[in-house]
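Pasting a structure below so you can have a look.
A, B, C and D label the chains in the order they appear, each numbered from 1.
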Amino acid sequence: MKILVANRGEIAVRVMRACREMGLRSVAVYSECDRDAQHVRYADEAHLIGPSPALESYLRIDRLIEVARRAGADAVHPGYGFLAENAAFAQACADAGLLFIGPSASVIALMGSKTAARQAALRAGMPVVPGVEEPFGADVPVDAIAAAAAQVGYPLLVKAVAGGGGKGMRGVDNADELPAAVRAARGEAGSAFGDASIYLERRLDRPRHVEIQILADLHGTVIPFVERECSIQRRHQKVVEEAPSLAVTPELRRAMATQAASLAKTVGYTNAGTIECLLDADGRFYFLEMNTRLQVEHPVTEMVTGVDLVQWQIRIARGERLTLDPERALTPRGHAIECRIYAEDPDRQFMPSPGTIVALRAPAGPGIRDDSGVTAGSAVPVFYDSLISKLVGWGPDRPAAIARLKRALSEYRIAGVRTTIPFFRWLLTQAEFAEGRFDTTFLDRVLATRTEPFSPASDADEEIAAMAAALDAYFRVGAAAGGQARAPEGAWKRAARVESLRS
Amino acid sequence: MKILVANRGEIAVRVMRACREMGLRSVAVYSECDRDAQHVRYADEAHLIGPSPALESYLRIDRLIEVARRAGADAVHPGYGFLAENAAFAQACADAGLLFIGPSASVIALMGSKTAARQAALRAGMPVVPGVEEPFGADVPVDAIAAAAAQVGYPLLVKAVAGGGGKGMRGVDNADELPAAVRAARGEAGSAFGDASIYLERRLDRPRHVEIQILADLHGTVIPFVERECSIQRRHQKVVEEAPSLAVTPELRRAMATQAASLAKTVGYTNAGTIECLLDADGRFYFLEMNTRLQVEHPVTEMVTGVDLVQWQIRIARGERLTLDPERALTPRGHAIECRIYAEDPDRQFMPSPGTIVALRAPAGPGIRDDSGVTAGSAVPVFYDSLISKLVGWGPDRPAAIARLKRALSEYRIAGVRTTIPFFRWLLTQAEFAEGRFDTTFLDRVLATRTEPFSPASDADEEIAAMAAALDAYFRVGAAAGGQARAPEGAWKRAARVESLRS
Amino acid sequence: MSTRFEIEVNGRSRTVTVERGDPAAAGRFLVNIDGRQRVVDVRRGLTGALSILFPDDGGASYDVAVVSSGRGEVTVHLPSTSLRAAFNGRRARQAGTPGSDGASGEQRIVAPMPGRVVRVLVAPGDEVVPRQPLVVVEAMKMENELSASRNGRVKDVQASEGMPVEAGKLLVIVG
Amino acid sequence: MSTRFEIEVNGRSRTVTVERGDPAAAGRFLVNIDGRQRVVDVRRGLTGALSILFPDDGGASYDVAVVSSGRGEVTVHLPSTSLRAAFNGRRARQAGTPGSDGASGEQRIVAPMPGRVVRVLVAPGDEVVPRQPLVVVEAMKMENELSASRNGRVKDVQASEGMPVEAGKLLVIVG
């Protein structure tokens, strides 16, 4: 069997590792700027699909299908992002006789509409956040929306029907703010998704984000997993995920699992998917949306259940029956936490930091898993999401997992681009995080007022840094005798410059 | 708390990782050739203890104690090997007011005598391999030994009382061979351990090596763990270890665990230790010896139980009570297999391959743990054991663990020294290994007749290798335009030579 | 023979001199920092990472990577943090201050990478305060706020919503 | 302009010529191996590892590291195996044959590293066969058998049990 991975970066490498372990051949696709990317090196085959902008490469359904045909691939794994939740792509694969490793095009389309998904949840008897069930098209006058808003009650959220990741979403505290919010949301939704329809949802007070991973085979078996909590978000983007959630009791876990499974059955869901919920302060949960694909944060579930979700995606797609023990999937073994390491500068409002990674040392040892898409020399292109690695720490309990992550972060070294590592070093020492006292608004609230650097340096650090810089320059110019000046690439070219740095 | 790690290589790094996770300061010691070793870089402090030969550095009790005093260390972790099972060292630590992270000197001394250990096992009601209970001093005439041998029965083993690792051991098939074997064993034992006393043990027919890890606190609690099987041995040296053993039923597991715990209690054992047993074809087990220290292969136990044995060693030493769930310790979660990656050339009778590691790429991703003691640039000195890394694969079952190991071995790249990686690539594809049809004699029997290289190259491989070599040379001399010739260190110095290689 | 460096870290300039120590001990150096002399034992690995020991300071061990950021500036990676160091009083950029920052004078806000302007939040004449967002540029699937680093008044706005921008494109000038 | 190499891998010598391919496509080369022409797309990473694609052969992808072993010899690391390659008919040592090996002539068995002779298994005049152990040297905590690579007769034994040896010390000569 041969699988084309219609993605790049760490998730493409993750899927190819599963292929290699299963004895399947993997086919990489790449854009022009990704020719030397790790997923191209890792694959058994690699094919160019177009220029660097995603619209001309990783989002080109026609080229992907054509490459899959040419390569004689049997199946396509979409990863996450790009075309992973694109019904047309799933359909195109099916039409081309390719196994699409995910749910059917119709289910993707159904859950892609946030209002249709809410209705499906209601049919399955799952509570949804109070709101309107029918979308408002671009032409619905604002006063009609205002009437519905009064019903829903303030504060509320104006959300894009085709939305996701906080795009086309606006918070509204009172009726006066509504018209402007509707205008803004419609505009953003129209440009981002080509669909300006919106709907209204009550805004819960400081909810936690808790989601249920499910696997569903082609024979009607659905297995829900222990929950993941993803409340540590920056501008609606998850940055830390963990399993299990401190806020979920065993009873609540079973309740959420049961309802998630019934929702999946209701819509005829197959393969891997995630039902995202909000959990309020009183322990009530509400359906938020369903992601019809593998999640970025799937490793934390794998670490506490021992189940390889990607291998199961492939086995399900080729018709195998789920033989997992449901109890095992629902019973967390220890605790796992994932830190998303982005090429961003946390000390500059998390500005993306594209460039070339000139040096890399990854952590290892007990309880550490590093799912990376880069090596020393890899480029972080400006064209795509800047996630470079997912660092996951496992421990018998949450404090042990945190301790291992701190240790691993102290070993991690990435040079050439700025990363969010300093941010995580800070976050993991915060009392609110250690004690689990957080909700989806926690991080943005803290960051709003924060100005200091995330990894402050002590005087001793600064002194060591100054001495190290001096010694390094001293070595680079070969001033030191006795073989201590093992000069790196280009040292001699650089010598002149460093000489000039001396007083 | 500050811990001095009286060791080097991967185990020193492993212990320091535990220290960092527990918020404890670590102190490294190093010999002259280890100044730039990874354990020195990883530690919070590092102190020189002498010239490169172990006898003048890592085995110098006086210097270690003096450094511990000077550094203000509270405890000493001996790792394995070197002084880990040296009663005098444990006593010296105690006398200096240092916590020795291991059992008491008296228990180390007791179990250090193989015949005393056999007697202790008998007192604890544990079956031992049939043999003699009293050692034969260097002066006991051979005919007296021959009489005892007749009682024990042939085939048998002549073993050194102070022995270990197969040193001072000889197999004897019949009475005629006995005198020569006794002479040889006495000679080897005398030079290796300074004690020529020997004893006799029946040689079992193709036994498996199964061992029980235990933890014992200072308050009388002993917890036995799920067994490890270490039957894949080369000349009595373990090269692959796994947990659990395919040959052990749940009933047998409980029986071995119970007896191992009672032996530990009988001798007043504390901290971590391992009771090594032989398992015969009929599923009967026999006490072999007890290792009064952390084992090289401890990670496989950690991976299937989630228990951090090194952290518990430290917690036990400082008086904490074992709070582990004994059922959890005895119930394996999935399967873990460890490959010992040595700097040896498997294609030259595993000749040690010391040198400098000029390039290193370690595997990562799901289910893989790499406990390494080296980085790119690290030296593999000629003075010590050549273990450079322990690659451990975990999977929900044994085939999955093997598949992950194969995948990880395909990612692992070590240049500059030969390693046993090609050997493991071969071993993991052998039917006997996959099906668990092996015993302690398996590997030596196969290797005795084998002459082909372990990772044979296909014609395609050879062709790719030739093309890659040509392209690399082409790039190194900068003949390629278009920025493709990113020249590495020294490329230009090497250019002349490569030029001369052209026809 | 000793070599002298002027090195600035986090806004503070330090004078560091390096000379070889005991010739019998390879890797021994005498490093003087702001008048304080320290004995250091240094090794430089194949990858360039330094192992620095202080034999006279309890053997304290530091595994440090020094990576050039160009323009006489390096980034020093320690286990606990990373720091920028600049030679010869070249000012090391502080963490938390935009690249467009200078101690004073006008602020020129430029696009850090190719992308699309999604929001313009100020108009010419507006008074702005430090960290106030001026423009939002969408790039790498993220909306990135470009902010003012100091008080000032918006002199010019060359960005409009929806406008695609190349890296380095001038968007706003604050005087 | 094309460059020609004579490269031996596993005892078989191959002629490889390399020339730049389509100038419009950076990294494109035409590689001719033993008369067969192949189009290859190559990149060389920061660490020197090559990424080799065969666009005309189903896009087959190889991540290869080529590391010099000195003396005109390199080791080529593939995911499945590692191979030695020698330039210009310099003979690449075969896996499985001792370093003391030569195609013919006397075999000089030397200590591969510092250690101690623990057993001498032959005497002058003994006939030996390939892979027959001649001396056992203990080093790096292992007993290492030094074996004959071909048939022959022991001419000289310069090792005795217990004798400490330096790397390169001549131990046995087989004629």
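Definition applied: a contact is a pair of C-beta atoms (placed from the backbone, for glycine too) under 8 Å apart; a residue touches a chain by one contact, two chains touch by 3 or more.
Keep in mind that this is a model prediction, so the values were computed, not measured.
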> By label order, what chains touch subunit A and subunit C together?
Replying inline: B
> B-D versus B-C: which has more C-beta pairs touching?
Replying inline: B-D
> Comparing centres built from CA atoms, which chain ends up most distant from subunit A?
Replying inline: D
>> Using Cα averages as centroids, what's the distance between subunit B and subunit C in whole Å?
In response: 46
>> Based only on mean CA positions, could you tell me how far subunit A sits from subunit B in angstrom?
In response: 39
> Rounded to the nearest whole Å, what is the centre-to-centre distance of subunit B and subunit D, using the mean of the C-alpha atoms as each centre?
Replying inline: 29
> Any idea how many Å lie between the Cα centroids of subunit C and subunit D?
Replying inline: 47
> Which subunit D residues sit where two or more other chains touch them?
Replying inline: 27, 43, 45-47
>> Could you pull out the residues of subunit B that touch at least 2 other chains?
In response: 358, 361, 375, 410, 488
> Quick one: in the complex, what on subunit B touches subunit D?
Replying inline: 81, 191, 235, 237, 344, 347-352, 354, 358-359, 361, 382-386, 410-411, 413, 415-416, 422, 425, 451-453, 455-457, 461-475, 479-486, 488, 494, 497-498, 501-503
> Which residues of subunit B touch subunit C in their complex?
Replying inline: 27-28, 35-36, 40-48, 71, 356, 358, 375-377
> Considering the complex alone, what residue numbers of subunit D touch subunit B?
Replying inline: 3-7, 9-10, 12, 14, 16-18, 20, 26-27, 29, 31, 33, 38, 40, 42-48, 50, 52, 62, 64-68, 72, 74-83, 85, 87-88, 95-99, 112-115, 131, 139-145, 147, 162, 167
>> Looking at the complex, which residues from subunit C come into contact with subunit B?
In response: 27, 41, 43, 45-47, 49, 51, 53, 55, 58-61, 63
> Which part of subunit A faces subunit B closely enough to touch in the complex?
Replying inline: 13-14, 17-18, 20-23, 299, 302, 306-308, 333-334, 361-362, 364-372, 375, 394, 396, 400, 403-404, 406-407, 410, 487-489
